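Below is the structure I would like to discuss, written out as C-alpha cells.
For clarity, chains are labelled A, B, C, D and E in written order, and residue numbers in each chain start from 1.
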Amino acid sequence: MNKLSAYKGRPGSLALRIMVDLSAALTVLVLVALVGYILYKGIPNLHLDLFQWTYTTDNVSMMPAIINTLTITFCSLLVAVPFGVFSAVYLVEYAGRGNKLVKVIRLTTETLSGIPSIIYGLFGFLFFVVALGWSYSILAGIMTLAIMILPLIMRTTEEALKAVPDTYREGSFGLGAGKLRTVFKVVLPSAVPGILAGVILGVGRIVGETAALIYTAGTVTGVASSLLSSGRTLSVHMYALLSEGLYMDQAYATAVVLLIMVIIINAISSLVAKKVAGKAA
Amino acid sequence: MNNSFKEKAMQLVFLLAACASIIAVILICVFMFGNGIPAMSKIGIVNFLTGTLWEPFADVYGILPMIVGSIYVTVGAIIIGVPVGIFCAAYMARFCGPLQYKVLKPAIDLLAGIPSIVYGFFGLVVIVPIMKDIFGTSGKGILTASIMLGIMILPTIITVSESAIRAVPESYYEGSLALGATHERSVFATLIPAAKSGITAAVILGVGRAIGETLAVSMIIGNQAIMPDSILSGARTMTTNIVLEMGYATGIHRQALIATGVVLFAFILIINLLFTLIKERSARNE
Amino acid sequence: ASLFTACGNKSDSSSDSSGMTGEISVVSREDGSGTRGAFIELFGIEVKKDNGDKVDKTIKSAEVTNSTAVMLQTIKGNEKAIGYVSLGSMSDSVKALKVDGETASVENVKSGDYKVSRPFNIVTGKKTNAAAKDFISYINSKEGQAIVDKEGYVSEDATDSYAKSDASGKIVVAGSSSVTPLMEKLAEAYKKVNSDVKVEVQQSDSTTGVTSTIQGVCNIGMASRELEDSEKAKGVKSQEIARDGIAVIVNRSNGLSDITSDQVKQIYTGKITDWSEIK
Amino acid sequence: MIERNVMDKFTINDLNLYYGDFHALKSVNLHLPAKEITAFIGPSGCGKSTLLKTLNRMNDLVEGCKITGQVMLDGGDIYAPKTDVNLLRRNVGMVFQKPNPFPMSIFDNVAYGPRTHGIRSKLELEEIVEKSLRDAAIWDELKDRLKKSALGLSGGQQQRLCIARALAVDPEVLLMDEATSALDPISTSKIEDLVLELKEKYTIIMVTHNMQQALRISDNTAFFLLGEVIEYDKTDKLFSVPSNKKTEDYITGRFG
Amino acid sequence: MIERNVMDKFTINDLNLYYGDFHALKSVNLHLPAKEITAFIGPSGCGKSTLLKTLNRMNDLVEGCKITGQVMLDGGDIYAPKTDVNLLRRNVGMVFQKPNPFPMSIFDNVAYGPRTHGIRSKLELEEIVEKSLRDAAIWDELKDRLKKSALGLSGGQQQRLCIARALAVDPEVLLMDEATSALDPISTSKIEDLVLELKEKYTIIMVTHNMQQALRISDNTAFFLLGEVIEYDKTDKLFSVPSNKKTEDYITGRFG
C-alpha cells in the first residue's frame, strides 16, 4: 500500500508514516496482550459450575452477577440517558449562547467526570443508602451510577447536538414547526449516533465499576429480587473474589465472561447505531 | 394554544432535567466539601496542602506527596498516551483501509470496556515484572503507573480525536493535496490542527480519566506516601490515597481523605478552567 | 551484621544456603488496617511514646497495598520482596517464614506459640433483632466455631450447641472484606439449620461495617480491627468471633525459611535493607 | 415607482435591523404586491437575506438581532406580541440557498410540514405529498422512490424537493434565498419555470445574484446597497431606465 | 478545430474513466494549449469536474475510480507508475468551487505550499507570500491582517486567497472548478480580471456553468455532454458558429 519510493526525498512524511503505523500497531499489541492475558488466565478456569443459578461458596457462580449486571446497566441508562439528553437539549437548544450558568454547569459536570468513583460510592452510601433509607440496594447503585455517567452522556449528547447542521433547524422552523417538534423530529434523530457513542462509553463505565457499587448496591451474591434488594455486578463479583486472594482462578474466569459481555454490548450498540444512522442517511 | 402549552411544558422539563444535573453536582459538592472543609481547617489548609508527612496514626496529614504523585503520573500518562492516541486516531481516520478499521474500531471499544481492575492485574502481572527486570527496582512506581494510565486513556483519546479528525471538512485535505503536499503532511499540517479543539477535548477527557483512576493505579504504583525522587520511585496519588485508607479510616482521618478528594476536585476544575481559557483565547484570535 | 550472631545458632535452618542478596522490597498494608495494626504491634514496629501515643515506625519507602491479592501477587512476582498476609489467605504461590522458629499455623496461634494474629469482630448496635441474635448465637456455638476452624481461622472456645429459636426474617451482615469469606461460610451453614432467617453478607471494609451498623443499614457489622472510642461512643460494641493468624511471606525462590521477630522489625523499620544482612 | 395598493401582501414601514451594533437594514420601506414575483438584488452583504428573513421572522433565531419599524402581512403586524410565529412561518414558506432536505425519506420530508400542523391520516398525507411534488415538477422523477432517503438526490432534485416541502403546508408566500445559485443551468431552468407557474397561486419573493434571472422572471425588483433600498420598481423599468445612478452602475457593470 | 501543437500543455488521448460501473468519461481526446485559458462547459453531471480532476490526479482519492487512456503533461504520461504525484500536483495547481482556506492565518495559508516544499527561511516565505497575494490582486486588502485567521474573510477574498495559495507553489497550470460560482458579481469580476492577467504566465483550465464567463475570458472551450466531448474549438467560433447541433441547442438555450 505504501510504496517506500513515494517517500524519496520526503523524510518528514516517512517519519510521520512510521509513527502512525507504529502507534496503531502498539495499540493493537496492547489489546492483544490484555485479551491474551485474560484468556490465558481465565479460560482454563471456566467451568459449568460457575454458571449455576445460585451462588454458594463452593460453586462461586457468577450467574446472579451476570443478571444483576444487566439489570443495573439497563436501569442506570434508563435514568441517566433521558436526564443527560434532556439536559444537553436544554444547554444546546434552549439556553442562550452566552449564558454564564451554562458555562458553570459545563465546567462542573466536566470536573465531576474526573472524581474517583469511590467518592461517588461514599456519597451514594450517605445519601441514598442512609439518608433516603434505601439501604444496600441496586436502586441505590443505579442512582449513584446514573449520576456518575450523567456528565458523560450530557457531554457527548451536547457535542452530537452541536454537530447537527443548523440548516435542519432552519428548514423545520421555516415550515412553521415549533422548537419542540424541531428538536424531537429533526435534531435528536440526527444526533442519535453521537448519543449512542456516549451510551457505549457509559455502559463501559457501568460494567467496569466497582467502588461506587460496593458502598451502594452492596455485594450480595444472589439475584436482586427487587430494586430495593442488594446484588453485585460482575465487576464487583470479580473484585470480591480477588480481594482476599481466595478465589483467584474464578476471578480470572469472571474476567473472561466480562470481556465477552463487553464485546456483546458493544456489538449490539453499534448495530443499533448503524440501524438508526442507516434510517437517517 | 394546545401546542404552545406543550412547548412551554417541555421547555420546563428540559430545564428541570438540566437542573437535576445541577442538583446532582451540588449534592456531591456539598457532600465532599461538607466532609472535607472541616478537616482542612482543623489541619490548616497550608499544612494540609504543603505538608510532606502523611501519618494518620499521629494525626499528621500532609498531602503534598500525593499532589506531586498525581501530577507526575498524569503528566507521564499524557506523554505516553496522547501522542500514541493521536497518531492512532490519525491512522484510523486517514490511513487504514476498511478492513483494518473493522478490526481496530471494536478493538478500541473493547479497550474502553475492560474494567480497571483487570488493567490493574495485567499491570501487576505483566508490566511490573518487566519494569523490575529492566530497572532493577521493585517494578512498581511512577513510570509503571504512567505506562498503565497511558494505555488506559488510549480509547478515550483515540475515539474522541478520531471523530474530531473525521469532522474536518474534506476540502482542507483536498486543498492541501492540491498544493503538492504528501498525504502525511496533509493530515498532520491541516487536518489535525483543524481538529485541535476536538483533540483538546479528548486530552481533557483523558486527563480526567488519568487523574481520577484509582484501582489500577493503586496496584502498581507502590503507594508510598513520600515525595518521589525519580520516575522510578514509588509514589501515591490523591486517588489511591483515598481508596487505600478509606476502609479503616475514622474521624478526622476519614475527613482528611475526603478533603483529598476536594483538592482533587479543585485540581480538575483548574485544569478545565485553563483549557477553557486557552480555547476561548484561540477562538477569539480567529 | 550484628544480627549474624543472633540467629547463627540455628544450624538446621536452610538460611545459610539462601544466598539472597540485593535490596529488600518491603511490602506493607495500609495505615489503619487490622492486619497492619496487629503486625506492627507484635513485632514492635509500633513504639509507644512517653505520652502514651503510639508511633508507627514502618519505613516510608515500604510499598503499601490494601488488597491481599495484590500482596500475594507482588511477593510472587518479586524474589526480593517481603510482606505479610492473613493465614486464611495463604497460598502456595508464596512462602511463609517461620518466626522465631515457629510455623505460622492455626494450631500455633491457638496454642499461643505463634503470636502474630488479629481479631475478627462482629459489631452490633443497640437494637439487634431476634434474627440477628439467633445468627450470633449460631456463630458462637460449637457448630459455628467448628466452621471457623475448618476454614483455617482460629476459633474461640465454645461449649454450647446451637439451639434454633423461632426467629425469622432477613438480616444484613456488612463490613470487612477479610471477615466476609468466613461469614459467607457461616451463613451457608446457618441456612441449613435455620432456613427461616435469611442472611445477606455485604463485603466492603471494616469502617463501613461499623458505620453501617451505627446507621442501622445492617444488623451486624464485621470488622477486622478493634473499635475506636469514637465509634463505641455511638452505641456499638464488638465481639470477637475468631482470630486470624498473620504470616510473614517471601518469594518462593527465597532460600530463607526462618526469620526472627527482631529481623522482621529491623526490616520494617529500615535498619536492614539488604537480604545479604540476613543470614 | 410601484404604487401602494390594498392588495399588497407585505408592507414594510421604516424597518431597521441591528445585529448587535451592526446596522444591517436602514429604514427600509417596501410594499410587496400579492401574486407577483419580487426580486431582491444587490452586492454581497447588502442585506438581501436579512430582509428576507424578517418576513417570516427567521431572524428571531439570530442572537443579538434587534428590530424597529413594522412588517405588515395582509395588514397585520407580524412582530406584534400576539402573533403566532409558527402560523406565520406556515403561511410564509422559505426555500434556502443550499438545499436542506431533512435526513429522512422523501415522503417524510414532504409530509413533515403537514404532520407538524396536525394532519395524521395516511391517505390525506399521501395526497398532499403527491400534489406538492407535482407542483414542484418533480413527481415523475421521484414517485418510485418516495421511501428512499432524500439525501441521495442530486442538488437540483433536492432543491425542488425543498420547494415541494414548502408547498405542502399550503403557504401564501414563498421566500427564496438564492435558491438556484447552487444548481446547474438545466436544474435552474426547471426551477425558474416552476416559479413562474407558482406565481398563479403564491406571492413569491426571491433573492438572486443573477441579474438575468431577475430580469427573466420577476415582476418587481428591489436593489439594495449597504442595507438600504436604493431603488424599487417594476423589473422592466429598473433594468431599462434605472432612476438611480448607483443602480445603473450596478446593472450595467460588465454583468449587466 | 484547434490544431494539435507541440506547445500543448496537456494532451489527452482516448481517456475513459469509470466510477465503479459508471462510465463517466468516454473516449476523451483533447489537447490544451499552454498559456491559454480553456473552458469546460456543459450541463451538470456531464463530467467536467471529473476530467479536471484527472489532470492533477485528484481522482486518485475517489474509491473505485478506474482510468484507461493517457494524459500527457509536457509529453510525459502523468499516470505512469514512476510519476511523483505530489510533484505533479505542485505543478498543476487547483482552485475549488467553494473557497477552502485552511483554518489558519492568512500568511500561513499562503506559506503552506512553500513550506511543504521545504522553504523554511522567514524572509523568503515573506517574499513569496507578498508576491502571491499581489498576483492574486488581494495584497492591498490583506497586507495589514496577515496574521488574522483566513476564515474571517469574505467569500470573494477567500477565493482570491486560495488562488494566491495555489500561485505560491509556482505551478505551471491552474485548474479552476467553478471558482466563481459561489461569489457575487463584484468578486466574480475581480477574479475574472485576475485570471486574464494570470494567463501571461500560467496555463489555465476552468470549469464554468456561466456561459457568459466562458465567452468573456476563455480562448478555447470544450462542450461536454454525458461524459463525451461534443465540441472543442476556439471560444469565439464555438459560441458564434457551433458546428454541432447539440452545442447550438445548449448555448442558444434560454441561458445563451
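One rule holds for everything that comes next: a contact is a pair of C-beta atoms (placed from the backbone, for glycine too) under 8 Å apart; a residue touches a chain by one contact, two chains touch by 3 or more.
For each chain, UniProt lists the protein as follows: A = Phosphate transport system permease protein PstA; B = Phosphate transport system permease protein; D, E = Phosphate ABC transporter ATP-binding protein (PhoT family).
Everything quoted here is computed from the prediction, not taken from an experiment.
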| item | value |
| --- | --- |
| Between the pairs A-B and B-E, the one where more C-beta pairs touch | A-B |
| Most widely separated chain from chain E, with each centre as the mean of CA atoms | C |
| Cα-centroid distance, chain B relative to chain E, in whole angstrom | 48 |
| Centre-of-Cα separation between chain C and chain B, whole angstrom | 35 |
| Centroid distance [mean C-alpha coordinates] between chain D and chain B, Å | 50 |
| Multi-chain contact residues (two or more partners), chain A | 6, 10, 178, 242 |
| For chain C, residues contacting two or more additional chains | 67, 177, 204, 208 |
| Of all residues in chain E, the ones touching two or more other chains | 86 |
| Contacting residues of chain A [partner chain D, same complex] | 96-98, 165, 167-178, 181, 185-186, 189-190, 279-281 |
| Footprint of chain A on chain B - complex, ascending | 3-4, 6-7, 10-11, 13-15, 17-18, 20-22, 24-25, 27-29, 31-32, 83-85, 87-88, 90-92, 95-97, 100, 103-104, 106-119, 121-122, 125-126, 151, 154, 156, 158-159, 163, 167, 182-185, 187-188, 201, 204-205, 207-209, 211-215, 239, 242-243, 246, 258, 261, 264-265, 268-269, 272-273, 276 |
| Chain E-facing residues of chain D, complex | 43-45, 154-156, 181-189, 209, 211, 216, 253-255 |
| Touching residues on chain B, where the partner in the complex is chain E | 169, 171-172, 174-182, 185, 189-190, 193-194, 285-286 |
| Residues of chain C touching chain B in the complex | 25, 30-34, 53-56, 60-67, 70, 73-74, 77-78, 80-81, 177, 204-208, 210, 225, 228, 230-231 |
